[in-house]
Amino acid sequence: MKKVFVILLAAAMLLSMMSFASADEPALSGKLTIWAWGADAEAEQRDAIIQAFIKAHPELEVEYSIIPTADSVWDQKAAAALTSGSAPDVIQMSPDYFGMNTKYYMDLRPFVERDGVDLDEVLVPGMIEGYYDTDGKLEGFPMHANIFCMAINKDMFDEAGVAYPEEGWTLDDMMDWGKAFIGGEGANKTYALAKHWVMNAAMPYAGGGTPYADDLSECYMNSPEIQKSLELYQKLILEGYMPNDAESQAIPSAILFQSGLCAMYPLGGFESASFLADCEENGINVGLVPMPMGVGENAKEINVIYATGWAITTTAKNPDAAWAFLKENAYANEEMGKATATCGMPAGKEVAENFYAKIEYPGFGTYFNDYMVEHLAKSHINPWGGTLASTGDIWANMVQAVTMDGMSPEEAMAKYSQQCMDEFSSYGFATAMKAN
Amino acid sequence: MQKAKSFHAQKAVGRTMIYLILGICTIICILPFIWMLLTSVKSTAEAYKFPPTVFPKKWLWTNYTNGLQKANFPLYFKNTAILTALCTIGTVLSAQYVAYGFSRFKCKGSKLWYTLMLATMMLPNQVTLIPQYLLYLKLGMVDTYLPLLIPSWLGGGAFNIFLFIQFFRTLPKELDEAAFIDGASTFQTFVYIMMPSVKSVSLCVLVMSLVYNWNDFFTPLIYINSTKKFTLAIGLQFLNSSMGTTKIGQMMAVAVATMIPVLIVFFLCQKYFVEGIKMSGIKD
Amino acid sequence: MKKNRSSGFDRRNTINFYAFIAPWLFGFLVLTVYPMLESFRLSLTDTGFTGDGSYIGFANFIQALSTETRVLTAFKNTFFYVLMFVPLNLILSFFLGWLLSRKIKFLGFFRSVFYIPYLTAGVAVTIMWGWLFNGTYGLINYTLSLFGIQGPNWLGDKNTALICIVVMNLWSIGNNVLIMLAGIQDIPTSYYESAEIDGASTWRQIWSITVPLSTPTIYFNLVMGVIGAFQLFNQPYILTDGGPVDSTLTVSLFIFRNAFEYGKMGYASSVAWLLFVAIMVLVLLIQSTQKKWVFYGDS
């Protein structure tokens, strides 16, 4: 009797749970459209993520496209699609977009509340924060995050008799031992450090400061620390540690490193797998070390986070299916999490700790991904994403002025820093934050 | 006698000079294409070698298969072909339709409209671009092919209209009048008498507009947002912006493939291109 | 009676005229006249991506002309390009057109050879040139190195980047060459025959017959060339993104970036109007000199 009662009770509970679940999580149906960006390995990753979702939801008709780019071309296309109402249900976005398209993104808090999930429990710490707008709205949901470590050509270091850099090294240090790598002419010219495209985003931190306050309330582009960054950047290039823009246009920085012409290469998590494979193919003996520190007392690591996730557009025709996609990618679908791990640290705690951190690269063990987990908190989010790109363009001009145009850092600061300040204050959020 | 001989010698020298200069120009025109073809079958490592190899050590034909697949070539080819065809048909039909009006009917104000029509040739795109975009945006036509198609069906540009007008003017008025007396309406006269008479111009405008639309980059860049609606020009630029010169062989392979259709059209219809050029040189 | 008939004829003419030009007229009003006026209105507003904005007077123009130095840079670069490209285009296309008119063999072959670069001009060719101009691995610098010359970084050098774009566009002027050729071929041979009898040298014949009689074609190419050159966009957008150090930032690229990347539609409109005024002033200047040097056969 007792047994029967227990079974009945269990059945009743199960039933009520099921009805509870179905009341809360409507059955999915219909069509879901998704837009993503990414080329090569990244495109493959997005494709695998979406395929895993399709496999888990045969009831949905999923239509997606992956635009093979991530630069301003995407921003322009995405903005045009959003304003013209031709945007998909789910669109890829970055937490560094800073309110760029905020009015076109749905607030995700109601979905989170409806599911009753504690995000701190399911997501890697630091993953979700950037997706909250200044007014508390949750604009997007994370897919993965990436930072950089420094790939070194061990043979070049050994030949030059230079010790491998250790945690805490600075660009000032490198001005000393880095000289050993500079030499040659034309196609045989060698350098200490490759000019990865990330340099323009990372270098503002080299002088020990930051380009603007984390809460966007203030711009510091006229600070002495920024000038110090500019001085360092100029030295790196004029003294030949790093190729200038013209030289780096002649040969892509990854190929420069893989041809043995360059001792160090900032390696991003999104490109690690293919990069290391190409190095092996070219017989480059690679070692991995941390990124350098900025100079000065309050300096942090010169490292930039490139995080990306998904948003649901306000014009979405199938928000429930869209939300299922977002949360399953972030934490609720192991397959999708694993697919994500090929190009960066997945947002879900479970997958990040039990799968991503254990991925081994031949010769490096789990160093790479351990490093990612450990250094994420020490890094800055990409400073020139989305809305801030126009300020980033002015910074790029400052850099070119001192590295190619013969201007001194003081002159460049005098000419451009006020432009940066003006541009920054023209964004709505800066004034909004100040008013708060 | 002596004089005549030196004159002939001079002429011969002159001839040789002409062929020499034209020969050099030929090399300048063709060599880049050959270099591009050779790069398109090289591996990345070989492309970034100095001094460069002329012929690849290993002919990497997979650059074509991989590149075309990465560039989504079949889909973009189809999109571009359909779009180009529709734009071209629109241009050819609407330009001669409008030109017939301008060349055959005089009324109060017709001269003014004609002048205005010619003046639009001098109008830079930029000044109308933004409001046009916002207009299409309000009409919900952004990310459709309509902003690309509509102008072709509304006369197809002042230049094409002008070409037809020039030709209509050479046709005797008696042609229309005879048809009119036979009881044909103006529209019928246009379709049955006039259109066949300007067939040669139509073909020239057709081939030129075909090439123009195939190569057009700016308009689809502004108006097309969904990848599945991209044209070859946009697809190629996206591929370029994402992989740049890291996979230079594949990039060149895709670039070669986008050019081939234009070259085929050119070699098949050379005659009409030459005719078209002659007509473009009209002085008025 | 007679009067009546002619007015009926007039009315039918009017109806027919408008019936036939209707497609163009509609396009002209909606896609040209309205946008021109609207563009000016927008230039007085702070309109963003969506097309909504409020009036801010001439603030955009003030910003473009005084505070934002990049506008000035963009205009400087554009003028430089026009001044380089347009005259070279005219000289080269006239010269090559004249060479082709010399009753040569293989005319058809040369015509095709010159025309193909024009035909294929587009994204693909632009990317091809980027590779040819590569400072280290490009064909151009390799060729120069065979003569012991160390070539510059071309597109990566602020002093040469814009010149590279001039060169690649000169490479595809085949169309103009053939237009010139057609113009030169139209000159009646009798002019040359009488000059020959007078013992005029080839050089003299070019100057006193070919050039003057080709001035209408030259004039046409000049005006269209100036207007086209002012709108330079593709190569700076695809190859250099306006760099290095803004040396290839053209007005068109500036307008595009502000309108479609930064979403400053109003500001971009004001710069578009400045461009429009600049072009019109130059075209009117050219037109005012037309009577002095353009020679129309009969008059």
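We just call them A, B and C in the order they show up, numbering each chain from 1.
Here is the rule we use: contacts are C-beta pairs under 8 Å (C-beta built on N, C-alpha and C of every residue); 3 or more make two chains touch, one makes a residue touch a chain.
Bear in mind the structure is a predicted one, so any value in this text is a computation, not a measurement.
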Of all other chains, the one whose Cα centre sits farthest from subunit B: A
Which of B-C and A-B has more C-beta pairs touching across its chains: B-C
Centre-to-centre distance between subunit B and subunit A (centres being mean Cα positions), rounded to whole Å: 41
Length of the line joining the C-alpha centres of subunit B and subunit C, rounded to whole Å: 15
Contacts with 2+ other chains: residues of subunit A: 80, 83, 186-187, 251
Of all residues in subunit C, the ones touching two or more other chains: 50, 134, 136-137, 260
Subunit B: positions in contact with at least two other chains: 48-50, 137, 237, 245
For the subunit C and subunit A complex, residues of the former touching the latter: 49-50, 67, 134-138, 150, 153, 155-158, 243-246, 260-263
Subunit B-touching residues of subunit A, taken from the complex the two chains share: 35, 39-40, 65-71, 73, 77-78, 80-81, 83-86, 186-188, 251-252, 254-255, 259, 282
In the complex, subunit B residues that touch subunit C: 14-15, 18-19, 21-22, 25-26, 28-33, 35-36, 39, 47-52, 94, 97-98, 100-102, 104-108, 110, 113, 116-117, 120-135, 137-138, 150-151, 153-155, 161, 186, 190, 211, 214-218, 222, 233, 236-237, 240, 245, 248, 251-252, 254-256, 258-259, 262-263, 266, 270, 273-274, 277-278, 280-281, 283
Contact footprint of subunit B on subunit C as seen in their complex: 10, 13-14, 16-21, 23-28, 30-32, 34-36, 38-39, 42, 47, 50-51, 96, 99-100, 102, 104, 108, 110-117, 119-125, 127-132, 134, 136-137, 139, 142, 145, 171, 174-175, 178-180, 182-183, 186, 202, 216-217, 219-220, 223-224, 227, 230-231, 233-234, 238, 251-252, 255, 259-260, 265, 268-269, 272-273, 275-276, 279-280, 283, 296
In the complex, subunit B residues that touch subunit A: 44-45, 48-50, 70, 137, 140, 142-143, 225-228, 237-239, 241-246
